[in-house]
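One chain, chain A, appears in both complexes that follow, with chain B as partner in the first and chain C in the second.
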Partner chain A sequence: MITNSSIANKSKKSTLQSAKKKLSPYVYLSPTIILMTVLMLIPIVMVILYSFKDNVIMNKNPVFAGIKHYVDIIKDGTFHQAIYNTLYFTVMSVIFHFVLGLSFAMLLNTKVLKPATKSLFRVIYVLPWVFTATIIAILWRLMLNPNGIINYMLTTANIVSNKIEWLSSTQFALHALTYINIWSGYPFFMISLLAGLQGIPAELYEAATIDGANTVQSFRYVTVAKLKPIIVSMAMLDFIWTVQQFPLVWMTTGGGPIHATEMLSTYTYKLAFSSYNFSQASASAVIVLILSMCMALFYVKNQKAGD
Partner chain B sequence: MKRKILGLLLSAALVATMAAGCGNGGSSVGTDSATSAPSSTEAVTLEFTQWWEPELAEGALRGIMDEFEAENAGIKVKLISGPYASTKQQVVAGAAAGTMSDVVGLDGAWVSDFVKQGAIANLTEIMKKNNYEDSQLASQIKLNNATYMIPVVNYVYPVFINKDLMDKAGITKVPVTRTEFREAAKKLTNTKNNVYGWILPLSLEAPNGIQNDVMSWAWASGVSMLKDGKPDLTNAEVKSAIEFVKSVYDDGSVAPGSFTMAEQDKVEEFTNGRVGMMVDSLAHIKTIRKSNPNLNFVVTALPAKDGYTGKRGMPYASWGIGIAENSRHQDESWKLVSFLMSEKINSKLSTTANAFPGNVSSKPDFTGTDPLFATAFDIYKAGYPANEFVGLPVAEQLMRSFDEQFQLLLDNKQNIDDTLKKAQAEWEKNF
Partner chain C sequence: MSSKPFKQIITKVLIVIALLIGAVYAGFPVLWMVVCSFKPNPEIFAYPPSFISETFSFDAYKAIFMDSAKVRFFINSYLVSLLVTVLTLFVGILAAYGISRYEFKLKKPLNMLIINVQAVPPITLLIPYFSLIVALRLYNTYFALIFTYMVFTLPYAIIMMTGYFNTLPKELDESVLVNGGNSFISLWKVLVPISIPGIVSTGIYTFMQAWNEYLFALTLTKTNEMRTVPIGIQLLMGQHSYEWNQMMAMSILGCLPVLILFLFLQRYFIAGMTAGAIKS
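After this line comes the complex of A and B, so read on.
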């Protein structure tokens, strides 16, 4: 005979079991959730909160200042220059990373070269990516120095008559810095695109040839079409990373001469560690975060569409 | 089921490890940091954060600490050493978080900001409490009439001149006035041979060129960029010094690449014999000798304006020292500071560091060292150490904002009056 208490016990047990079932995924996820909270969520929330205070860290009792820092930053001419420079630096870097990356990847994927030659060039082409930002900065500072090898070669070949101050001239500094970043970043594109190229079946090219497609059409409708998901993902990631580029800019030009290479990252750093205006720096960092988040949203959307 | 249990155990272990990790971090800080309070019988361990140890001969600073420990039973010193830049970041973070070491190596440019944060202790009060006679100190960095930093040793910045280039250019005596310097820079410049008279580093990454290579021209003539502790950049004497630097630049006597050039680039160009004159720290003599043993160079005081007969200010940088405001061992910390400032130890430290002492009675031993140190010491004694950025709020930012305006001037994008007015306006925001 089934009693009321046994029914109650059973239902209690099943409730407990279903609760356990519901909870267990969260227990598995808890290490990641805790890590993400401690390392990402809390710092981000703190920075956002800091940006609305008069000044933190330097001021023991900070008070709410509303959107004052955001208004000050948006009105600041140097910030406008930093936005322009960052966009130029980023867009040019992403475009040339793609162009160079794809060119070298196709070169390394060609059947014309022997495998040993391809392996050698793979090592050579990937080298810039192996160096840390510090090494790259030192290397290029030396090479672009008025007495450096670049000027020596240009003057010896009579291409220029006077030595060019690549990193010290307001006219050249931003372009020189962008060039350095392009040089140091293209291998990442190259490797990813090379992996993509190697995954394109040869049959597709054969079919295209049978259909009467010429080389350009094969490239357009087979190579680019198949690489599109990689290209879009890489471009978005590269955009986010380049917007945040700090060590290379700081160690080569420090944002100068004058404000010729001022980026959002150097602008924020100077506010924090030179002016000790941590709240204003937080406001600037939040703006960079919003920019990066916009691209991150596109990236996630693109990934979902791909799935 | 087994997998489920294993998964749960692993998750729990991860969480526990993380919690333990955080906990350990906190407790280790608590044990050694300034905030821990030992019982009266417990040995006190002082933390001493500085950038000096890596710049001295191996074991030199530790040796001095061992002497201190031998003289002061019950006090141990734990050295926390790193390069200058990372020490700065560490001290700034410590000041913000309230975990600053008991004793900290300080740069004069940081003092004002740490005082504002309440991170470093008022040494005037500590000296009074310990009946310390402060007349033996060569200088003290004061704010609101209270001392917060004591320079332990000083590095001065004379003018280095390449003697061979000077002889080749037919210059018979070292320049003493600005006019002589400008003429010498012109004569030394030989663009065909890639040689320039002077070198001027104005990098915005480390804008100390404004302090050492630009403003020093004003201080050398007894001029101040401050009035009643506030910026006074538009005064005629500062304008005259800036005009002078601009005139040398316009002559084409300055090595190219100034706008992003850092101090190390300056030393390198001089060492390679491509520059005739530079204003630089005596600390670099050893590096220059090591890199180019054949370089024949001399040091001299910074030239002053024509007709100036007063004492010459000589830019300097210090290894300063301070005590954390929240240190529970301020008395023990003071023992360490006074030990380093004592006549004997300060002489020893200044000799080891190739610097000039912070104690008026201390004398560095120049035996066996480069004779240029003795020459520089004579110049130092004949003038006075001058660095008006010491103790100013956000000193580095002041240098940087001046640097930006100064670069616009050199680039002929604005005139000198606008440069000084704009720099003055930028500086005033911080006072």
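After this line comes the complex of A and C, so read on.
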């Protein structure tokens, strides 16, 4: 009798425990689940609903508008310009972030200098990354001002004859903006690639030399091959982030002059908070979301393939 | 025989030259910012430009510290960033513990969600946030910023902390469970104390994200009393004149917390930066 009841008790206790164990992870995750529902799922549903209605936010009872806003956007020439600008800005940024990041990382990984010298250079090279986009925007507006230091240096060196309106001419603004973004973003690549370089065992290079590889070959078959997973995932993350870049564009050119630097983000922002056309802005926001999600799927797929 | 050391010297010289060119590319704009913050405003665009101004002065810094409205930007930024960091760490550590230590049905989809959430563009969330925050009467409050910032700080914190907890053996917290403690105690008494390096990395990264945020701060606050530093700098671009020297001084003051954290806690920073790209 006694043994029976104690066994029953035990099994009762263990089912209770296993139920508790099943529930525990959800208890730990509940604050996150609640926050993500309120901050992510609900807003995304909202913005999708907004994009199919007329006059949301401004009108208390908006009516259903179908895909009108999407059609309007897809027909809008400014939107096409924004897509082109965003792609140019993003692709050039990612390419040069990678090129500069890898070059600087390899320089900093050299064996011919003392560690103290290298860490001094490393701090200088990381500097652009400690500044927030607003500060970077203001600093470069100062430097690229027609009367600023860049034009002074270029005219003094006789590279250009006239002062150039870097950020307010349709000819130069997009390139200047892309240059600024390249300057501000390469440290992120550099630090990751440097960590990756330090993880490549010296024996691999020795083995390559013994096999008769020259410098270019050992760069191609050892350095690049070993860093490839980092390079691919950094490039994808950078692509996703750069497509979304808003503050730098907004604070340097505001998308101008005459849409010369209009990006998907500034285009959407202006629709919402300059024209108060929240419905059309929502449609644009949904398009940006779909583009980003496609990139994210690629990223996750790539990460999985690497596992 | 002497060709080998000669070749080495040439290599060294070339590397140093390349490093110096790179340092000018990276560092000159920053140096120029510092130089301009010590100039009187009319001299900013003087021709030819001067490096060490004859009228070297701290006036720009004084103007910021003497103006309570400008000091307020800094107080707001510190307050919001610190609160976001504390809340993110708390919620993130709980979630990371759940993901790291338990097997459950929704684990995979939840993981996928957390990774994908990072790719959602802030501009997409901005419009619904604006209408939610206005509807909840939170427009132009600290709460509006703290609450919305967590959408992008939390996923990263969870990923970093889960990765850190995964490196710690499960036996550590199981010993607490065997001795009659519950999992909550084992988390805070055992795991958290030995995870300080991971928590510091995550905390620094979270603080930085919050400190630098621009879009939500621009849209969800309105009065100068609620503005943070990134918006405050922009407000110095007045309608009549640009106070360039003050903007530069405020930029330097604005990047100080991040710069100081970086200089003293470099390895934590680098751990945070590389966590996203390098898988162990």
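Note that the second predicted complex is superposed on the first by the 279 of 307 C-alpha atoms of A that agree within 3 Å, B and C clash if a C-alpha of one lies under 4 Å from a C-alpha of the other, contacts with A are read in each partner's own complex, and residues count from 1 in each chain.
One rule holds in what follows: contacts are C-beta pairs under 8 Å (C-beta built on N, C-alpha and C of every residue); 3 or more make two chains touch, one makes a residue touch a chain.
On a predicted model such as this, the values are computed, not experimentally measured, just so you know.
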item	value
Fit or clash - chain C, chain B, common chain A	clash
Partner chain in contact with A:Phe273 - chain B first, chain C second, else both or neither	both
Which of chain B and chain C A:Ser24 touches, first, second, both or neither	both
First (chain B), second (chain C), both or neither touched by A:Met251	both
Touching partner for A:Leu35 - first (chain B), second (chain C), both, neither	both
Chain B versus chain C as contact partner of A:Thr132, first or second or both or neither	second
Which of chain B and chain C A:Ile230 touches, first, second, both or neither	second
Partner chain in contact with A:Ile57 - chain B first, chain C second, else both or neither	both
Partner chain(s) touched by A:Ile95 [first = chain B, second = chain C, both, neither]	neither
Contacts of A:Ile191 with chain B and chain C, given as first, second, both or neither	second
Chain touching more of chain A, residue-wise (chain B, chain C)	C
Those residues of chain A which chain B touches in one complex and chain C touches in the other	24, 27-28, 31, 35, 57, 145, 147, 250-251, 273
Interfacial residue positions of chain B with respect to chain A in the complex	4, 7-8, 11, 14-15, 18, 89, 92, 96, 113, 116-118, 194, 202-206, 255-261, 265, 269, 274, 394, 396-397, 400, 403-404, 407-408, 411, 413, 430
Residues of chain A defined as touching chain C within the complex	21-22, 24-29, 31-32, 35-36, 39-40, 42-44, 46-47, 50, 56-57, 103-104, 107-108, 110, 112-113, 121, 123-128, 130-135, 138-140, 142-143, 145, 147-149, 152, 156, 183, 188, 191-192, 195-196, 229-230, 233-234, 237, 240, 243-244, 246-247, 250-251, 264-265, 268-269, 272-273, 278, 281-282, 285-286, 288-289, 292-293, 295-296, 299-300, 303, 306-307
Complex interface listing, chain C residues touching chain A	8, 11-12, 15-16, 18-19, 22-23, 25-27, 29-30, 32-33, 36, 44-45, 47-49, 91-92, 94-95, 97-99, 101-102, 104, 106-107, 110, 112-132, 147-148, 150-151, 154, 158, 183, 211-212, 214-215, 219, 229-231, 233-234, 237, 244, 247-248, 251, 254-255, 258-259, 262-263, 270, 273-274, 276-279
Complex contact set, residues of chain A against chain B	24, 27-28, 30-31, 34-35, 38, 57-58, 60, 145-147, 163, 165, 167-170, 173, 250-259, 270, 273-276
